[in-house]
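After this come two complexes, each holding chain A, first together with chain B and then together with chain C.
Then we have the complex of A and B:
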């Protein structure tokens, strides 16, 4: 069978796979003799820490990288993938974490982009047949079991709809190998179960699905087979029935300590009843004048971690930016220890005792090309201790930088290295080292463990707990519900810019929070506080 | 009455080069490239139009030559951006200076003149309607002034929204400008799509140049384009890439240009009056920016 005509053929034993693939980037061995097989009609999970080599392997399967040795297998035959276009022709489609949809085009335009149905109007002149495109879209929509407003500009469509459109686009083009890179990271729990149902249905129709994930319970719920990667090698590959979560965790972590987020649960101190951060009637608008935040009120007590949950894009980011003094509010009040902060600037928020950890580490949290020392000392440059006349007192700056980094156990090469040389976890710890150096009372922390491996996550969770035990408090926004449930004393839920509910830790489950996340913000009574 | 009609007719004609360049730049920008070298292609088009018109005696061949030269310069320009990864602003600035310098060199070396090139037997753009239509009330002078490039420019404005929305190229161009990585991920070559946009801008700027030199004056001057490529840039920025809005802004600039000529004959200092359209561009852009800021803070 010619490899240029793939499509579902149940007679082959390997629809897509790898045999003995190795790939080096300089001295880093990203993949080392990796083999795995995906049969037709199988959901195959690939799990492992960041840096375990999953992404490299997927890039090779998509033709974005060529392996140094070993081969990609398609329909039982070795194949050389020259470029992504060829991989697409061979039926391999990727659902990226950052959706590959043009935000200013409509959903329908995105669906057909690159393979537009055409209608001849005169001789050789043809235009896009939008009617036919819509008919095709409706048929796909029915297959997925969701309602989609196809003429909506993509940027305004909810995230899970965008994800469906991306999957449907691959199906429309006849891709029957789907690679999904952490597809549930952006979804609410109920949406996750819908996605799982869709993927299972596609599998039953013969599709081969590769599913990359950090969340082992989803792997168990969805996958037929799991391959575990650690340090560039496939360390285990078995049917999901044969490996339980504990066994998977052991394979993922190697000899590192097991799941740390469970341990310290008992040690959480009860919150002091003193409310130090008060937010009342906070409203803010976005560029297009839509209401990003609508009448938000909340209190945060000393020693408390307050979680902010919501489906991505429902106002969490805006709320965190308001709390950090980075976004101007249209009305309402934010006060810390009784001092009003509304209308003040970020620097005033910082002086008052508020630290901020941005969700966008690469652009907001760090100056990527600047040195490790400059990054960890930023904001303190005017302190008299670090100045000598009009100049910086470099020895003092270096000593303080080393001290700050050591306090939070940041692993680095030299102070003068660019901060981009650090791993994701160490970059994030550096941000915390900077933000906690001035001993702020309140830490505003947004998506702190995004792109951080399991050991880094454990360290960051420990930092947050320490901050509270040392008399501070934390407002934590996270897309990881498990993280919020493990850390927070209370979880507040935002939907469409309104506070739709608050859940105490003892009542918090993914289901209770998920239900609130999907609630419409309009006319909804606050759920139990 | 006749004065108003005459200003209107002058407005339409003076709008054409700005409009043609703006259409090109607008398509280019929808494809993701900000083309600040419209000016270079315009002045090159104006030059070649005079040379070819004089040599062949055909205004049509001259117009084709301008389009071809503009397109060719546009293609090379595009390659430096999409393939050699040059910064589009710096490369554009460089091209503007390079073309102006080359033309000055050609004028002195080949034609032994500096600044202005007069050639024999230059055939100007014909008028679409016979002289007698100027007797038609109100729009008579406008109709009488119409030339093929002006008509073409306005037809292009009318067709552009449809073409951008309903042709394969239009869709892919908008996608390439909005999210190039998406275009790549669906198996298309976004750089080639962007190259098309820059060639298109080159062709239209070349036509704009042909109109500058062949509409009425029939000679080439180094200062002929007088920043109109930048005015065109301001026009589609101002109208946020919408074809009809851009055309209206161009018309407004054309009107300023036309009334400026009238005001000069009324005895006001000509150099000062000449700055009026450019002043309005700066004012307009400030107003647009201020408006956006106001919305942001509301």
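Then we have the complex of A and C:
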């Protein structure tokens, strides 16, 4: 296996790096004279807002893109990466946010897939040597200090185990440069600390790890060195000991104001605790690979933000889809202001006053090929204000689109521009502009700040608070515990499709919530709120 | 069908953007045609003909006199209907290839009514025949619509197969109960003269069905750009999950566009039966449904593009026939050009450019 991989050579000063790399896409300067060095046995964090140029730099390091000028450095020598295959041969491996594992195969099969150890039976006939594969797997497991049940089907393995397999697969092929793209986004806090331990162990064995993250406290906990990017440039690069979180934030944001979500939460006075959204005994069966929901009950009061927490894939998205009327439930009840909605269609939910912000902005929240105007006005095509006889009143539609976008301060060029021309934050604000336009009482909001930069996050948090102060309420599912803690009055925790606990804002810490997130759904009484 | 940005005519959004979109559309129309004629030229050279001479002969055969131009428009008439019927579905993301079958059944229904209804009802015979054709064809495409919307049956397979069923049904009937007693086989009686659509510029066969076709294109333009239903259909075509999440019913949108497509295809069949051939016989549709698909693809579902595309293919068909009569060039050259246009009409030009530069997209 893996014949030409270079073993870690501690004598070089730069295992992987970049010298003066620039890359333009049309008029957009994605990278502008970026230089950085990763030494052997170093964990190097790369941080910055969306669009700061991190992804472009990583694509260049993997040979997916060629720089316009400047070069990639490997083992102190400049190299030209022609394609990703060459990068892999030179020891550079990437762990993507979405794992590249075949769900139908076992973990062991995934580990060796594409590079199976073979055993010759007779002449040219060879078969896969599973015994040897397992031995190799055990050795890797030991090297990384983790425990894995290799014969488990991948689809049933927990997310963090799948992530280990991704990493071990790269190690097995001799990759000693690992690039991890936001590896903690899918993990619970306890799992994050395990991953950190694993990565530190690999570092001590000489691996060079590049770690892309938005979460500065993880950077501090894990990285040795940090490079901060802003607007295509590497604006700071220093040992983590020399840069505290405040200093990093300043570099990331430039002159922009600090993150307002850190401000003390304004005291939102709960109006008389009128429960408007009631969910009782909601069950939903599994379709495709979704998590079944089991007997979920919850209430939401006016003026309240209720958080839904859980390790990814434990039923949060399914619950949110049920609340938005996009997934059918097998039993139970959802009622808004006393009117039963179970068994109705999604448009009935909308008509009753429920808006929905999808976690999948690219495929469900927006129609990427449609214009900005069409995206912000979709769903309102039958409103009498936008009709003239049987026809759409296009001037009125255009005026309303501008008004909606202005209300939420969405920055755009022209209404007819494709919605994909907007930045992530502005795209998400556009989704909110559409969903809040009809003044729904309840907003079902899933992962609103995924892929949104710090300024956009602040704006979206403000929108959510404003919605509640204006007499609405929000159900918010987020993988960012900090976000839930900053915004929510109560946080409900799901595990394996069951409601396993609830925490009030005053008691909410990442630890209390994380503990509930990892609880098994079976046999747990719901904590009293 | 295409990855360029689809926009409704939004007011006051800059002349430059409109000009850019217009140029873009023109390019996407002209380039596939250019490539197709180049491929045709290679074939013509291979059989020892001069392509330039052939093409200029075709051009003059198609457009050079009033009579020839009328013949071109006459050949374009069925394509106006089938292209609109196809475009309605394509822009909704429903790959309906069953327009040909609906066109045939519509024609059969119209011809049958044109023969069977009593002459005594006078001009009423025309709207009744047309209405019957539209109902039959709409029902015909409602079937795959419901199968797709409710049972997730792939519409390409169902509509393609239903074409053969339609052909079989029509063939069976014109050799059985509807067979003419006077004129040989595989054909119905000729319709009553009161059921015939009027000729516009006799002696040419150009008939008032052409005006109906233009009206259809115009109605399609209105439907797609300024009605809520057309807007919803486009969102469904662009992104089904998005459309559903904003409260649009995907199943009913699919069924509605299939039924509208059937109505238009049936109207086309009626126009062809009552205006052009005055009866129904085997071989009623010379692949009009599929040529209409080529037109819709080339036009990228735009109404204006459909008019130009239908006239282009009408010209090819009418000039091709005359050329075959007076020279050694086979009519098949027209089919080659048509097929090549279809292939290159669906190629994304943006990708072509990238490919030429040897870059990854």
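Basically, the second predicted complex is superposed on the first by the 514 of 529 C-alpha atoms of A that agree within 3 Å, B and C clash if a C-alpha of one lies under 4 Å from a C-alpha of the other, contacts with A are read in each partner's own complex, and residues count from 1 in each chain.
In this section, a residue touches a chain if its C-beta (ideal position, glycine included) is under 8 Å from a C-beta of that chain, and two chains touch if they have at least 3 such contacts.
The structure presented is a predicted model; accordingly, all values stated were derived computationally and were not measured.
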Next item on the list: Answer with clash or fit: chain B and chain C placed together on chain A by superposition.
Entry: fit
Check: Taking the superposition as given, does A:367 touch the first partner, chain B, the second, chain C, both, or neither?
Finding: second
Next item on the list: Could you figure out whether chain B or chain C reaches more residues of chain A?
Entry: C
Next item on the list: Have a look at where A:109 lands relative to chain B and chain C in the superposition and call it first, second, both or neither.
Entry: first
Next item on the list: Give one of first, second, both or neither to describe whether A:285 is in contact with chain B, with chain C, with both, or with none.
Entry: first
Next item on the list: Identify the partner contact of A:391: answer first if only chain B is touched, second if only chain C is, both if each is, neither if none is.
Entry: second
Next item on the list: Quick one: classify A:247 as touching chain B (first), chain C (second), both or neither.
Entry: neither
Note to self: Rounded to whole Å, what minimum CA distance do you find between chain B and chain C in the overlaid structures?
What the structure shows: 7
Next item on the list: Enumerate the contact residues on chain C facing chain A in the complex.
Entry: 3-14, 17, 222, 226-228, 231-232, 234-235, 238-239, 241-249, 360
Item checked: Contact footprint of chain B on chain A as seen in their complex -> 84-85, 88-89, 94, 96, 100-105, 109-110, 112-116, 118, 126-128, 130, 169, 285, 287, 289, 328, 330
Item checked: List of chain A residues in touch with chain C within their complex -> 64-65, 324, 326, 345-347, 350, 356, 358, 360, 363-371, 373-374, 378-379, 381-382, 387, 390-392, 394-395, 397-398, 414-418, 434
Next item on the list: Sort out for me which residues of chain B touch chain A in the complex.
Entry: 166-168, 171-172, 174-175, 178-179, 181-188, 295-298
